[in-house]
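Note that subunit A is present in both complexes that follow, paired respectively with subunit B and with subunit C.
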Partner chain A sequence: MKELLTELLMEEKTCFRIPFGDGYIDVYKSVVMTWGVMLVLFALILFLTHGFKVHNISKRQAAVETFVIWLRGVTGGMLGEEGISYADYLATVLIFIAASNMVGLLGFTPATMDLNVTIALALMSIVLVEIAGMRKKGVKKWLKGFAEPMAIVAPMNILEIGIRPLSLCMRLFGNILGATVIMELIKFMVPVILPAILSLYFDIFDGAIQAYVFVFLTSLYIKEAVE
Partner chain B sequence: MLTVSLINIGFTIFNLLLLYLFAKKFLFGRVDAILAQRREEVDSATKAAEAATQEALNTKKEYEEKIANVDEEKEQILADIKKQGYVEYERIIGEAKKKGDKIIVEAKHNAEVENERAKEVYAAQLTDMVIDAASKIAATKHSAADDKELYDKFISEAGAKNE
Partner chain C sequence: MSLTAIGAAIAAFTGIGAGIGIGLATAKATDAVARQPEADGKIMKMLVLGCALAEATAIYGLVVAVMIIFLS
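Our next item is the complex of A and B:
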C-alpha cells in the first residue's frame, strides 16, 4: 500500500529535457499528456466542424450544434446573465478536464493527476474570477469589495483569493489521484472483470463529475464577482 | 507527482489558452457563424413575408378602389346614357311636334284653300241661282206673294246647299 502510494506520488514525472541556458527544462509527462489530449481535441473539433452548412445539415453538424448549445447552456446557466461572456472559456475547461480525466480509460495517467496541471487550472480560474470582478465593477469598486460587508472581514476576503484556487486544485487533484489509487488497489486484488466495471465509474463518471464541479465552482465565483 | 514546477504550470496555462482560442475559433466560432447566418435568413424570410403580405394588401386595396370606381363609372355611364336618351327623346318629340305643327298648318292652309274653293263654287252656284231666279222672275208675272215665295224658296235652297 505504502509502496503503491510512493510509486504513484514519487514517480519520475519528467518526460524529456530541453537544454536551456546552463541547465535543463524538464517537461513533465502531464504536460505531454495535455498536448496529446489537445491534439486529439483539435483533430476532433476540426473533423466535427468542417463543412458546416446553413441548410440540409448533416447528422454530425446537428449533433455538434446541439452539443455546443447544450454545453453553453450548462455553463451559461451557472454564470448567469452578467457573466455569460465567460461561458465559452468554462465550456472549454469542462471539455479539457473531462477529456483529461478519461484518458485513464486508455491506460494513460490522467494529466489532472499532476498537481502542476490542477494548479494551472486553478490559477486560471482565480485570475478569471478577479478579472471578471474588475471588468464589471472597475478596479476601485473591486478593491472596495474586499471590505464588504464589513471592514473586519477584509482579511478573510483576501485569504479567499488564495483559498479558492487551492481548494479547486486540491479537490481535482485529490479526486483523480484517489480514483487512480483505488483502481490500482482493485487491479492488484481482483485483476479481472471488477476493474473494468469500476473503471467505468472512476474514469467516466467521476471524471465528468470532477470536471463539472470544477467548472461549477469557478462559475459560481465569477457570478459572485460580477454581481 | 507532488513537486511543483513553475515552468510546467506555465506550459499548462499556455496549453489551456491555446485550447481555448482554438475552441473559440473553430468550435464555438463555426457554430455561432452558422447560427447567426440561420437567424439572419429567418429574419430576412420574415421580412420578405411581411413585405409580400403588405404588397398583397396594397394590391387588394387598389383593386377594391378600382371596383368602387367601376361602380361609380357605371353610374356615370348610365347617367350619361340617360341624359343622352333624354336629349334624343326631346329632339324626337320636338321634331314630331314641329312636324305635327307643320301638318296642322298645312292642313289649315289646305282647308282654307278648300274653303276658298268651296266658297267660289258656292258663289258661282249662287250666281247661277240668282241668274236662274232672276230669269224665272223675269219670265213670270209676279206678285208680292209670288216674290215672297220665291225668296223663301231661294233662301231655303241656298241654306240647304250651304249646309
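Our next item is the complex of A and C:
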C-alpha cells in the first residue's frame, strides 16, 4: 500500500526543465498533461466548428449547437438571471475538469490528481466570485457585504474567502486521488475485465460528477455574490 | 509503522459520517420524488449538492489518512 502511494504521490513530478537565468524552471507532468488535454480539446473544437453556415446546416453543426445550448442551459440555470454572463466560463471549466478527470481511462495520471492544479482552479473560482460581487455591487457595497446580516459574523464571512477555495480544491483532489488509488489497487489484484467495469464508475461517473460539483458550487457562490 | 496504520484507520472512520449523511439525503430525496415526481430535476440537483458536501468529510478523512501514512 505504502509503495503504491509513494509511487503515485512522491514520484518525480518534473517532466522537463527550462533554463532560466542561473537556475531552471521545472515544468511539472501535470502541467504537460493539462497542455495535452487542451490540445485535444482545441483540435476537437476546431474540427467540430469548421465551416458553419446560417442556412442548410449540416448534421454536425446541429449536434454541436444542441450540445452548446444544453451546456449553457446547465450552467446558466444554476447561475440565475443576474450572473448569466458567467455561464460560458463555467461551461469551459466544466469541460476542462471533466476531460482532465477522464484521462485516467487512457492510462495517464489525471492532471487534477496534482494538488497544484486544483489549487489553481479553486483560486480562479474564488477570484471570479469576488470580482463578480465587486462588479455587481461596487467596491464599497461589496466591503459592506461582509458585515451582513450582522456585524458580528464579519470574521466568519472573511474566513469563508479562504475556506471556500480550500474545500473546492481538496474535494476535487481527494476524489481523484481516491479513485486513482482504488483503480491501481484493482488493476494490481485483478488485471482483467474487472477494471474495465469499475472504471466506468471511478473514472467516468466520478470524474463527471466531481466536475459538475465544482462548477455547481462555484455558480452557487457567484449567485450569492451578485444577489 | 503499526501505530501509524492505526492512526490512518481511525482517520478512515470519517466514512461513517459521510455514509449516514448521504444515506439520509438519498432517503429524503426518494421520498420527495415519490411525492412529487414532476420536481425530480430540482431534487436531483439538490441531492448531488448535498451528497458532494457530505462526501467532502470522507474525502478529508482520506487526505488525512494519506498524510498520516506519508509524513510519519
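General remarks:
Everything that follows uses one rule, which is that the second predicted complex is superposed on the first by the 227 of 227 C-alpha atoms of A that agree within 3 Å, B and C clash if a C-alpha of one lies under 4 Å from a C-alpha of the other, contacts with A are read in each partner's own complex, and residues count from 1 in each chain.
In this section, a contact is a pair of C-beta atoms (placed from the backbone, for glycine too) under 8 Å apart; a residue touches a chain by one contact, two chains touch by 3 or more.
None of the values given here were measured: they were computed from a predicted structure.
With the two structures aligned on subunit A, subunit B fits next to subunit C without clashing. Of the two partner chains placed around the shared chain by superposition, subunit B is the only one that A:Asn116 touches, whereas subunit C remains out of contact. Once the two complexes are overlaid on the shared chain, A:Leu46 sits against subunit B while remaining clear of subunit C.
Set against each other, subunit B and subunit C touch different numbers of residues in subunit A, with B touching more. In the overlay built on the shared chain, the residue A:Ile186 is in contact with neither subunit B nor subunit C. In the overlay built on the shared chain, the residue A:Val213 is in contact with subunit C alone; subunit B does not reach it. In the superposition on chain A, contact of A:Lys13 is made with subunit B only, not with subunit C. In the superposition on chain A, contact is made by A:Thr34 with subunit B only, not with subunit C. Once chain A of one complex is fitted onto chain A of the other, the partner contacts of A:Val93 are limited to subunit B, with no touch recorded for subunit C. In the superposed model, the angle subtended at the C-alpha centre of subunit A by the C-alpha centres of subunit B and subunit C comes to 110 degrees, rounded to the nearest 10.
For the pair subunit B and subunit C, the minimum alpha-carbon spacing after aligning on chain A is 10 Å.
Shared contact residues of subunit A with subunit B and subunit C: 9-10, 177. The touching residues of subunit A, when paired with subunit B in their complex, are 8-11, 13, 25-28, 30-31, 34-35, 38, 41-42, 45-46, 48-49, 52-54, 61, 64-65, 68-69, 72, 88-89, 91-93, 95-96, 113-117, 119-121, 123-124, 177.
Across the interface of their complex, subunit A is touched by residues 45, 48-49, 52, 55-56, 59-60, 62-63, 66, 69-70 of subunit C.
Residues 1-2, 5-6, 9-10, 78, 167, 170-171, 173-175, 177-178, 209, 212-213, 216-217, 220 of subunit A are the ones that touch subunit C when the two sit in their complex. Interface residues of subunit B facing subunit A in the complex, by the touch rule stated above, are 1-5, 7-13, 15-16, 18-20, 22-24, 26-28, 30-31, 33-35, 37-38, 41.
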